[in-house]
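Dropping the structures in below, format is structure tokens.
Across the two complexes that follow, chain A remains constant while its partner is chain B and subsequently chain C.
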Partner chain A sequence: MSITLDQVTKQYQGNPVVNDVSLAVAEGEFFVLLGPSGSGKSTLLRAIAGLTEVDHGRITLFGRDVTQVSAREREVGFVFQNYALFRHMTVGENIEFALRVRREKAAERVRRRKELLELIGLADMDDRLPIQLSGGQQQRVAVARALAHKPKVLLLDEPFGALDAKIREELRRTIRSVQRELGITTILVTHDQEEAFALGDRLGVMNLGRLLEAGRPTDLYSRPATRFVATFLGAANLLLRREARLGPEAAGQSRREQEVVAMLRPEEAELAPDRDALTTGFLGYGHVEEMQFTGALERLRVRMGTEAAERHADASATAMSPVWIDVTRTQPEQRAFPLAPGQLVAVGTRRIHVLPTPLSSFTVCAESREAAERLMSNHWLTDLAARMQTRLSAQVEPQLASEIPAPGPAPAGVAVVAAGPDCPAKVRRLLGRGVTPILCLPEDAEPPGRVVVHFAGQVARRATLAMTASLLRHVPAEAVFLGILPSGSPERTRTAGVRQLLDVRSEAQAGHGLDVRTELRLGDRIEELLRELGSQPGQMLVLGLPEAGSLPENFEALLTQSPGWPVLLA
Partner chain B sequence: MVGIAATGAAEIARRPGRGTLRSALVRWVFIALSLGFLAAVLLAPLAAVFATALGQGIGAYLDSFKDPDTGSAIRLTLLTAVIVVPLNTIFGISAAWAIAKFEFRGKTFLITLIDLPFAVSPIISGLVYVLLFGAQGWFGIWLQEHNIDVIFALPGIVLATLFVTFPYVARELIPLMEQLGNDEEEAAITLGASGLMTFVRVTLPKIRWGLIYGVILCNARAMGEFGAVSVVSGHIRGLTTTMPLHIEILYNEYAFVGAFAVASLLTLLAVVTLIVKSVIEWQASRTTGH
Partner chain C sequence: MSAFRQPSVLPGFGLTLGFATFFLSAIVLLPLAALVLKTASMSWADFVAVVSSPRALASYRLSFGASLVAALINTVFGFIVAWTLVRYEFPGRKVLDAMIDMPFALPTAVSGIALTAVFAQNGWIGQYLEPWGIKVAYTWLGVTLALTLIGLPFVVRSVQPSLLEVQRDLEDAAETLGATPIYIFRRIIFPTVLPALASGFTLAFARAVGEYGSVIFIAGNLPMKTEITPLLIVIKLEEFDYNGAAALGFVMLAMSFLMLLSINLVQAWGRRHIVAARR
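Here is the complex of A and B:
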């Protein structure tokens, strides 16, 4: 591997900008880091170049640990968004700067300068000053300058950001061909997904400082694992569906329908006059609400009718939001079935991809309508639901905490209950009905800055890890696995405890691409957890249940504290 | 159709209307006003300086420089400038560097401090040094014991001048460096340049015009400073009088030709400063394209 990042973290004023990022880039690979502005992608690139120091983690270039090595000794080529050419030097002097610094002989400098000018196609521009060049030409010079000292790694920070579309396209080709010709390992940072697809052998998508997923462009596009990647790489309709899912975990449980998040790409939707005319799986009927002609494609927005709504949302939801589906159609499709706004159409799905996230939606469970509304307007919850672009609904059950079995259906997705004295009773009832995960939410919860993960049982269940991984992709928080052993435990138990934590860490990393730190404490579990969570505001707890559907009684103290913290039981 | 519309618009734009006539009038009034004001307030005194200095012929003018006290005043002024200007250049560059490139606690405080000499009357800055280093000052006794003269000697004059002139280079460089940013330096470092090499090869050429201008302003003020130096110098003729102090002494003795001859030197310095400034601005606009 030529570039290896191991749990790299960078904080600004306590907020993680780059959060536990691990990544390996192969030799000669063109890797594109993609993310919205503020996702930490540029900071990560600067950290690799040594222009920004990291707080944790390790950066290795070709097997050499460079975490503590200064930028000038890392031997990387860096291209800046705004070119950063030396404005008082000519093009030629700019290009040979790295060689001059290394006291190379004049003849060698001239040779290399010529070679690079040829490479970028600016052979006759040697004596110009940067201001006499166009933006595209300046960026070519910047690329040549970054390659002069034959670095093994080329880093490009939004190199096309300041250029117009046509020059972008051209420069993109130049960079791609230069990279192929030299076989240099390259990381390019961009916020433009089209650019990422066009250039990258592999992509990594970043959001909120985390590297969410990395993989080949086609894989990430067709089979994303996270909501963010699904919607950031191209357009996507995210649908909530109920599916009977029987995993190994559910074997002992009553067979219950689970809610899943499914992704339907606009181009994978099919429209037909009625259900029988569809060649693919039927999704529902809807009315065409908006139509846009964009040249090659036609964009449509279809508002799904009641039949579809019933499939996608609970009838008990207080505020039923309408379900829209975005569809794009090619010219032949448009000719085969011309449409007008307001028309009723049947929607079919050619290909639908179910995201592996266990966090599908939130259902607030409360005894009264007022209590439900109070929980629904909780900022902590509305923020998270908005970030996850998911539904937030309510289910009112007057006997939520009592022993009488509830008549209604089990709440979909994550059941949310208010924290407080009667929270443990509610949790017990819900767990008894086979409902997991459950979120206990205090009224004045602060946005999470730190997520503490602890396993109530001896083993770390896969479901808890999946839940944690999914949650952490939507909050800008650092995460720590906390292992707690009784203070008098013998050396052997301690070693076992450490091993268990490390196993959890490697499983989280292998199974979910999630990097977390681990800490081992000695003492009483409940006391240690109370102390940890009480030590600073803005924390939340993910509590791994020992087995599906049961919460040890001593842990109930964690749900009744005031001021409290959100607890996700999974 | 399009052609006709275009010519129509062009004709209307060219037709002189009442509005344009009035605005031309306003323009001329303003130009005449400001030129007249400049002539009355700036040019007339300047002309008066040279007229009086050369009033009794070029011979008398040149003779006035042969006076040993005048000579020593000129030497002292030059010596002060030679010490003060490099010190303030180094200070100005490092302060501007720190402010423009780093985030640190007390940054706004440092910026305010740099502006202090602009805000404080020069007399006060002189008095502060008398208070610190004078015979009755805080360090006065210690200095006497060690036989060090600060007040009424060269060190005091240098200190006072240093204080008054230290904002010039820093003030010129801070906005320039903030505007130019850090990218070129970072690029140089990724290309393998050391800190010193980056400064000499990249930063210095980048800021050179601003720096030269700051140094020239600093120099002009260092040579021309009157108030602060007047307090600490003690006016010992031939020893601690700088050019501005010497002019005052000569003037008070009704030696008008001598006074104005020395004054004409300072005036020439101002003129040279302005010329160099124009040249620099022209050069800077040529290389950066602004």
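Here is the complex of A and C:
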């Protein structure tokens, strides 16, 4: 591996800008870091170059730990969005700057300069000043300058940002061919998914400081694991659907309906006059609401009928809000079945991808409408639901906390209950009905800045881990796996405890691409957790229950504290 | 005239050019012409006698010498002050920034008297310099100090905008290419700021040459020793020797003009030379 990042974290004023990012880039690979502005991608790139110091973690370039090495000695080439050419120097002088710094012989400098000018196709521009060049030419010079000292790594920070579309395309080709020719390991940062697809051997998608997923462009496009990647890499319809699935711990549990998040790409949807004319799986009927001609493709928005089996994830709390499916159709499809706005159509799906996330939607469970509304107005919860582009609904059950069995339908997705004295009773009732996960939320809870993850059982269950990973992708907070061993436990147990903690970490990393730090404490489990959570405000607990479907008595203290903290149980 | 006309958002090229010419003539050229005319009414021998008297020569040396030293000091320290103001965030930065302009606003006599009070033998600072044999007030050192005070804002205000312009990216780029901080300063920051620094120097120098108010209080005004040319002119005027005063004024005018012109020429030549040498 030529570039290895190990739990790199960078904070600005307490907020993680880059949050526990681990990544390995192979030699000669063209890796593209993709993300919206403010996702931390540029900060991460600057950290690799040594232009920004990191708070935690390790950066290794070709086996050499460079975390504490200055940018000057890292031997990387860096290209800036605004070119950053030295304006008082000619093109040639700009290019040979790195060689002059290294006191190379004049003859060697001239030779290298000629070579690089040739490489970027500006052989006759040697004597020009940067201001005499066009933007595209200036960026070529910047690339040549970054390559002069034969760095092993080339880092490009939004290099096409300031250029217009046509030049962008051309420069993209140049950079790709230069990279291939030199075989240099390259990381490029961009917010443009088209650019990322065109250039990258592999992509990494960042959001809120975390590296969500990394993989080949086609894999990420067709089989994303997260909502964010699904919607960021192209238009996507996110649907909530109920699927009969085996419970997470299959043994001894009945099949039960589970809500899942599914992604339907607009080009994978099929439209037909009625259900029988569809060649693909039927999704539902709808009315064409909006049509847009965009050249090669036609974009349509279909408002689905309420009888549709699926409920759209974008739909807000009220069930009355419209449910849309975005569809794109090619010219042949348009000719085969011309449409007009308002027309009734059957919608089919050629391919639907179910996201592996266990957090599908949120259902607030409360005894009264008022209590439900109070919880639903918690701005962290509404923010979280909005960020996950999912539904936040309410289910009123007057006998939620009582022992009288009054089984209503199981709440979909994550059940949200108010924290407080009767919280444990509610949690038990819900667990008894096979509902997990459950979020216990104090009504005035603030967005957490730190997430403590603790597994009360001997092994971290896969479902809990998946849920933790899914939550952390949508929460801009630092996270830590906290292991607690009884004080006075023998050496052997301790070693086992440490190993278990590290296993959890590597499982999270391998299974979910999530890198989280670990801490080990000695003492009573509940006392330690209370102390940890009480030590500073703005924390949240993710608790893996010792056995599925049961809440031990001593855990009640964690749910009834005031002022409390959000607890997610699984 | 239409050949010079450039399309512009503001109309009235003829009007503005006319106004600019008239304005310059009325308040700058006309008084200078009067000065030259007055000087021309003297005989050549009289003129030479006045302007080359030992007392006059000594005053030129002090005026131009002290101004030059003061402008050089200001160039160095003004750059550092501007750097601090542009590059760092610290409490009181805005206040410090505003204080830079105070020498502009303060009556020069006030700053002269204040400096004298501080640097006199029994002043706050002067009393500690005294044992070391350093006398500031009533020596050429005091003159230089006063001229430094009034020239500082010119350098700071000239350099500030161009320092803001040196993007951090340029320094980052140079660093990734392997340059040390000193190298970056010499080869990237300094060349970018140099033109602004030169014009700041020129302004500070020009201002110092013409300064009168603050210097007369701290200089002590001993003929041949701490007498600046502007003071000599005032003395001539008080003696009703208008011709002599005009002659000295003319010499100052000529010398200042020559010096400013040569600085500008060197700058222009430097710019062209830098570009030309690279071809």
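The rule is short, and it goes like this: the second predicted complex is superposed on the first by the 554 of 570 C-alpha atoms of A that agree within 3 Å, B and C clash if a C-alpha of one lies under 4 Å from a C-alpha of the other, contacts with A are read in each partner's own complex, and residues count from 1 in each chain.
What we mean here is this: a residue touches a chain if its C-beta (ideal position, glycine included) is under 8 Å from a C-beta of that chain, and two chains touch if they have at least 3 such contacts.
None of the values given here were measured: they were computed from a predicted structure.
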Check: Following superposition onto chain A, is the placement of chain B relative to chain C best described as a clash or a fit?
Finding: clash
Note to self: In the overlaid three-chain picture, which partner chain does A:Thr90 touch, first (chain B) or second (chain C), both, or neither?
What the structure shows: second
Margin query: Just to be sure I read the superposition right, which of the two partners does A:Leu339 touch: chain B = first, chain C = second, or both, or neither?
Written below: neither
Notebook entry, point to check: After superposition on the shared chain, which partner residues are touched by A:Leu355: those of chain B (first), chain C (second), both, or neither?
Noted result: neither
Next item on the list: Could you say whether A:Ala49 touches chain B, chain C, both of them, or neither, answering first, second, both or neither?
Entry: both
Note to self: Just to be sure I read the superposition right, which of the two partners does A:Arg72 touch: chain B = first, chain C = second, or both, or neither?
What the structure shows: both
Next item on the list: Tell me which partner A:Met540 touches in the superposition: chain B (first), chain C (second), both or neither.
Entry: neither
Next item on the list: Considering only the touch criterion stated at the top, classify A:Ala98 as touching first (chain B), second (chain C), both, or neither.
Entry: both
Item checked: Touched partner set for A:Ala410, first chain B, second chain C, both or neither -> neither
Next item on the list: Would you sort A:Ile131 into first (chain B), second (chain C), both or neither based on which partner it touches?
Entry: first
Next item on the list: State which residues of chain A lie in both footprints, the one left by chain B and the one left by chain C.
Entry: 49-51, 70-78, 80, 82, 84, 86-88, 97-98, 101-102, 129, 142, 145-146, 148-149
Checklist line | chain C to chain A touching residues, read off their complex | finding: 167, 169-170, 172-180, 183, 187-188, 191-192, 274-275, 278-279
Check: Which part of chain A faces chain C closely enough to touch in the complex?
Finding: 46, 49-51, 70-78, 80, 82, 84, 86-90, 92-93, 97-98, 101-102, 127, 129, 142, 145-146, 148-149
Check: Which bits of chain A are touching chain B when the two form their complex?
Finding: 49-51, 70-78, 80, 82, 84-88, 97-98, 101-102, 129, 131, 142, 145-146, 148-149
Checklist line | Residue ranges of chain B in contact with chain A within the complex | finding: 183-184, 186-194, 197, 201-202, 205-206, 287-289
